[in-house]
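Common to both upcoming complexes is chain A, partnered first by chain B, then by chain C.
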Partner chain A sequence: MLLLKLIYIELIKIFKRPRSYIGFITIGILIPLIMFLIDKFGFDFQQHHFLPFESAFLFQGSLVNGYLISYYLMTVLWVHFPFFIILVAGDSFAGEAAKGTFRIFLTRPVSRFQVITAKFIATYIYTAIIVAFLGFMCLGAGSIILGSGDLFVFDKGILILSQNEALLRFFIGYLLAIFVQMVVASLALFLSTLNDNSVAPIIGTYAIIIVSIILSILKIDALESIKPYLFTTYFDVFFSPFADPIPWSDIFNYLIALGKFIGLFYILSIVSFVRKDILS
Partner chain B sequence: MTTIIKTHNLSKKYHHRWAVSDLNLEVLKGQIFGFLGPNGAGKSTTIKILLSLVSPTKGKYELFGNNPQYKGNSIYSRIGALVEEPDFYLYLSAWQNLKFLADITGNISKTRIDEVLDIVQLKDRKKDKVKSFSHGMRQRLGIAQAILGKPELLILDEPTSGLSPEGIKDTRELIKRLSEEENTTILLSSHRLHEIEQICSHMAILDYGKLIVQGDVSSLLHETDFFITEIIIDKPEDAMKFLLSESFLKKMTVSGEKLKIHVSSTRRPEVIKKLVEKNFKISSVIPRTSLEDYYLSLIEKRHIK
Partner chain C sequence: MKIRILIILLFCMYSISSASDTLSPGQVLMKTQLIYSNLKDFSVKAKVIADIPNFRMPVKTVEFYYKNPDLFEAKTKGFALVPKYCLLPFSNSNKILRTPQNFKINKRVTIDKKKYIILQYINDNDKLKNKILFWVDAYLWRIDKINILQQDKLLSTIDFSYQNLDGFWLPDTTLFTMIFPKGIPNASGPSISDPFGGSQFGTLQNQIDLEGQVKIIFSDYKINKGIDDNFFENRNEIAH
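Moving on, here comes the complex of A and B:
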């Protein structure tokens, strides 16, 4: 019961801060703008790749539709989108330490373990909401501005997904994206427990993600042995539902690997925060 | 009497400096316990340890006979605290801030939130965001959150800092009222020596993390011969010789018409009576006793050492 109250309080804290809306505002402006610009000026990719197919296949709706652009926009979930999560998660502990609010909060009959758990859960809820908002904006604004239709995916070959099937795949993809972003949130929360100002965990998390992504994508033999230990190696799991058949076994293994990272960052946060002296 | 706070060789080391060193403190139920010391003496660190904000390097402490390190944080539902300057969630209203804290503490009604806001005279500003509050208003809100759960133990670190003279007076009266009417035990850290003198029943003085003195204010101030009493008398030299031969007094000096004697306030009338009986003409008796003198002298002595 107390944990539920703490989660509720943490959610209010998150949604009362202006920084929590930066992501929503950016997505709310940028996604419709991209869709509008593509509608107005075309999609460069279309000229080179799709025109030959348009004459060879029979499609339902336009080939360059809201779903196709939404699919391509999912790549932002790698590097760009985590910034919105980090901005909130990185401030969670460090912000309170800097502002001194822990002094009134932690002198209540509440354990630090409960506070950590509440902060993690509340941040995950925020993560789920903002990822869902991205999905909603991409598919919603895309469908309104560019129209809907079959989804054309270049995977190992060419995969054409019907409109309904594409929607289902997007739904699974965004669910997996939430899980990926939860790892990002967990890392930012852990770094936040180590600092008394929120700049360090925000920059630190972002730096770790960029370095890890570089190491994950480089095709160098020497790096192969460390790749399983980099959480970014499993980041592209949200593209897996767009394969045929859906590789459920791979997805499951990826989710277990990502879950281990979430668990690791959570435990490290507990160790760090439970022992932390609240000095400010 | 029940012991509310007890520390056993409590120590805290930051890097290479001992902020608190082998502190043995005991606060009993119903006491208003003054906690004195210069900046960096270890008062706030001690308070933070007691509130589990900081973990001790060595030693242990008990609150209500339990060690919160082993017994968990449930003990803090019986404690209200104001540590240094109170910091609230600025983007929330005063009422919302208190509601958060009430929810965590448990068993606190909305009526009680209004009640404490009324006590600290912030009821008409309860819907305003804390970021619009002045320093004094935030301090008053800090006191409100400390007394929110009707605590059995109230720990106040510089509670009157930043308050107007009226606010200081109200806070002092509130502290006295809580002690008298609700038998709340109060640990009060303050730089205002006269504040401690006026409202505290007991006190401890800390310097460089070490306990210098601990006891009840009355004994420390009035039963020691630390303080000087100035007596303006017709033959001060003769009076001094008489007192040295006749009485228990050992320390006294003469300066002009003034005879300066070290005597406790409890024994002062006895000395005056002896002088009058010996036909010395006394025009005035000026007791120079204040906590400030006592405090500064103790601190000075330690620094000379």
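Moving on, here comes the complex of A and C:
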């Protein structure tokens, strides 16, 4: 019960900070703008990918719709979108340390373990809300401006998913994206426990993500052995539901790997925060 | 008397069978056209089932609308791939079949006691030297099969099976078997190293030719209901 109250308090803290709304505002403006621009200026997509069919087939209807753009916009979840999570998670401990509120907060009958758990859960809830908002804006604004329909994806060639099937895949995809962003949030929270200034965990987390992605992308044999230890190697799990059949065992393995990173950062945060001297 | 009738019948049968052996390409085409002369318009629902390597599409329902002589429209919810050629093999609707001067008789064959006249379409302007062969049933005067060859290499075959509705032979199932030159690349979805996926599309030249099939199953024909010309506002550029 106390933990629930702590989570509630942490959520209030998160949503009282103006920085928590930067992501929502950006998504709220950017996504409809992208959809509008595609609607106005078009998207040269169909002609390029259906070249082998051109001589024998007539294309009835269009594959450029809100779902297709939403699918491609999911790529922002790798590098760009984590910034909104880091901005909030990175400030969670460091922000309070800088303001000196921990000293009062920890005089109350709550353990540091409960505080840290509440902060993690509250940040995960924020993460889930903002990812869901991204999904809602992409699919909602996309369907309104560009319309809905079948979804074109690449999977062992060309795969066209029916509208209902695509919606289900998006739902699973965004759920997995929440899990991916939880890893980002966990890393930012861990780095936040180490600092008394929120700038350092924000920049630090972002730098780690960028470096990890670079190492994941580079096709150098020597790097292959370290790739399983980079959490970014598993970041594309949210595209897995768009395969046919859905590779559930791969998804499960990726979730296990990501779960290990979440667990690792959580334990490291506990160790760091429990041993931390609250001096201000 | 009985012997006379028998002789007359035998003579008629001989005349019918030998008639198809002496017809010119124009006359053969005219006969295939004749059975559709009272077909003013129709609408039909069609299920499009694609079985193409490296290409998967859900079964799509397309509605086709046709009005004599050359109005055609296809409507579908979402997206569908519809074969461009010979969807409706009627002489009076097909642009190619409206030019009898471009045809010659390739040969006459009998398969499973069924006589066929194979017409060859000749297009002198075709630099690719495509050869189009129309297999005409010499008894029912329907086009049962079309072969498209490029420099004697078979590119595609279209097999028609028909149903008789209100006296018209209309397609029941049409099977398009075709070779996709250089195939469809085995592209994979987005990943960290290929953020938008499908980068393999740039390596088309490495692919081999692949054979695929598209089956169209027609149902729910509505014949001669008087479809208005204005209905065909987005006329398809289809060589139906």
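Just so it is clear, the second predicted complex is superposed on the first by the 264 of 280 C-alpha atoms of A that agree within 3 Å, B and C clash if a C-alpha of one lies under 4 Å from a C-alpha of the other, contacts with A are read in each partner's own complex, and residues count from 1 in each chain.
Keep in mind that, in the parts below, a contact is a pair of C-beta atoms (placed from the backbone, for glycine too) under 8 Å apart; a residue touches a chain by one contact, two chains touch by 3 or more.
As the structure is a computational prediction, the values presented were derived from the model and not from experiment.
S.K.: One more residue to check, A:Thr233. First (chain B), second (chain C), both or neither?
M.R.: In the superposed model, A:Thr233 contacts chain C only, not chain B.
S.K.: Just to be sure I read the superposition right, which of the two partners does A:Ile129 touch: chain B = first, chain C = second, or both, or neither?
M.R.: Neither chain B nor chain C is touched by A:Ile129.
S.K.: Of chain B and chain C, which one contacts the greater number of residues in chain A?
M.R.: Tallying touched residues of chain A, the top partner is C.
S.K.: Report for A:Trp78: first if it touches chain B alone, second if chain C alone, otherwise both or neither.
M.R.: second
S.K.: Let me test your reading of the model: by the given contact rule, A:Lys13 touches which partner, first (chain B), second (chain C), both or neither?
M.R.: Only chain B; A:Lys13 stays clear of chain C.
S.K.: Looking at the overlay, does A:Ile270 come into contact with chain B only (first), chain C only (second), both, or neither?
M.R.: neither
S.K.: Once the structures are superposed on A, label A:Lys5 by its partner contacts, choosing first (chain B), second (chain C), both or neither.
M.R.: A:Lys5: touches chain B, not chain C.
S.K.: So, A:Leu106: does it touch chain B (first), chain C (second), both, or neither?
M.R.: So A:Leu106 only meets chain B here.
S.K.: Taking the contacts chain A makes with chain B in one complex and with chain C in the other, which residues are shared?
M.R.: Dual-contact residues (chain A): none.
S.K.: Which of the residues in chain A come into contact with chain C in the complex?
M.R.: 48-49, 51-53, 55-63, 72, 74-75, 78, 149-150, 152-163, 165, 213, 216-217, 219, 232-233, 235-236, 239, 242-244
S.K.: Quick check on the complex: what are the chain C residues that touch chain A?
M.R.: 53-58, 62, 74-85, 156, 176, 178, 180-193, 195-198, 201, 204, 236-238
S.K.: What residues of chain A sit close enough to touch chain B in their complex?
M.R.: Against chain B, the touching part of chain A is residues 2, 5-6, 8-9, 12-13, 16-17, 99-111, 275, 277-279.
S.K.: Which of the residues in chain B end up touching chain A in this complex?
M.R.: 48, 51-55, 72-77, 79, 81, 83-92, 96, 100-101, 103-106, 142, 145
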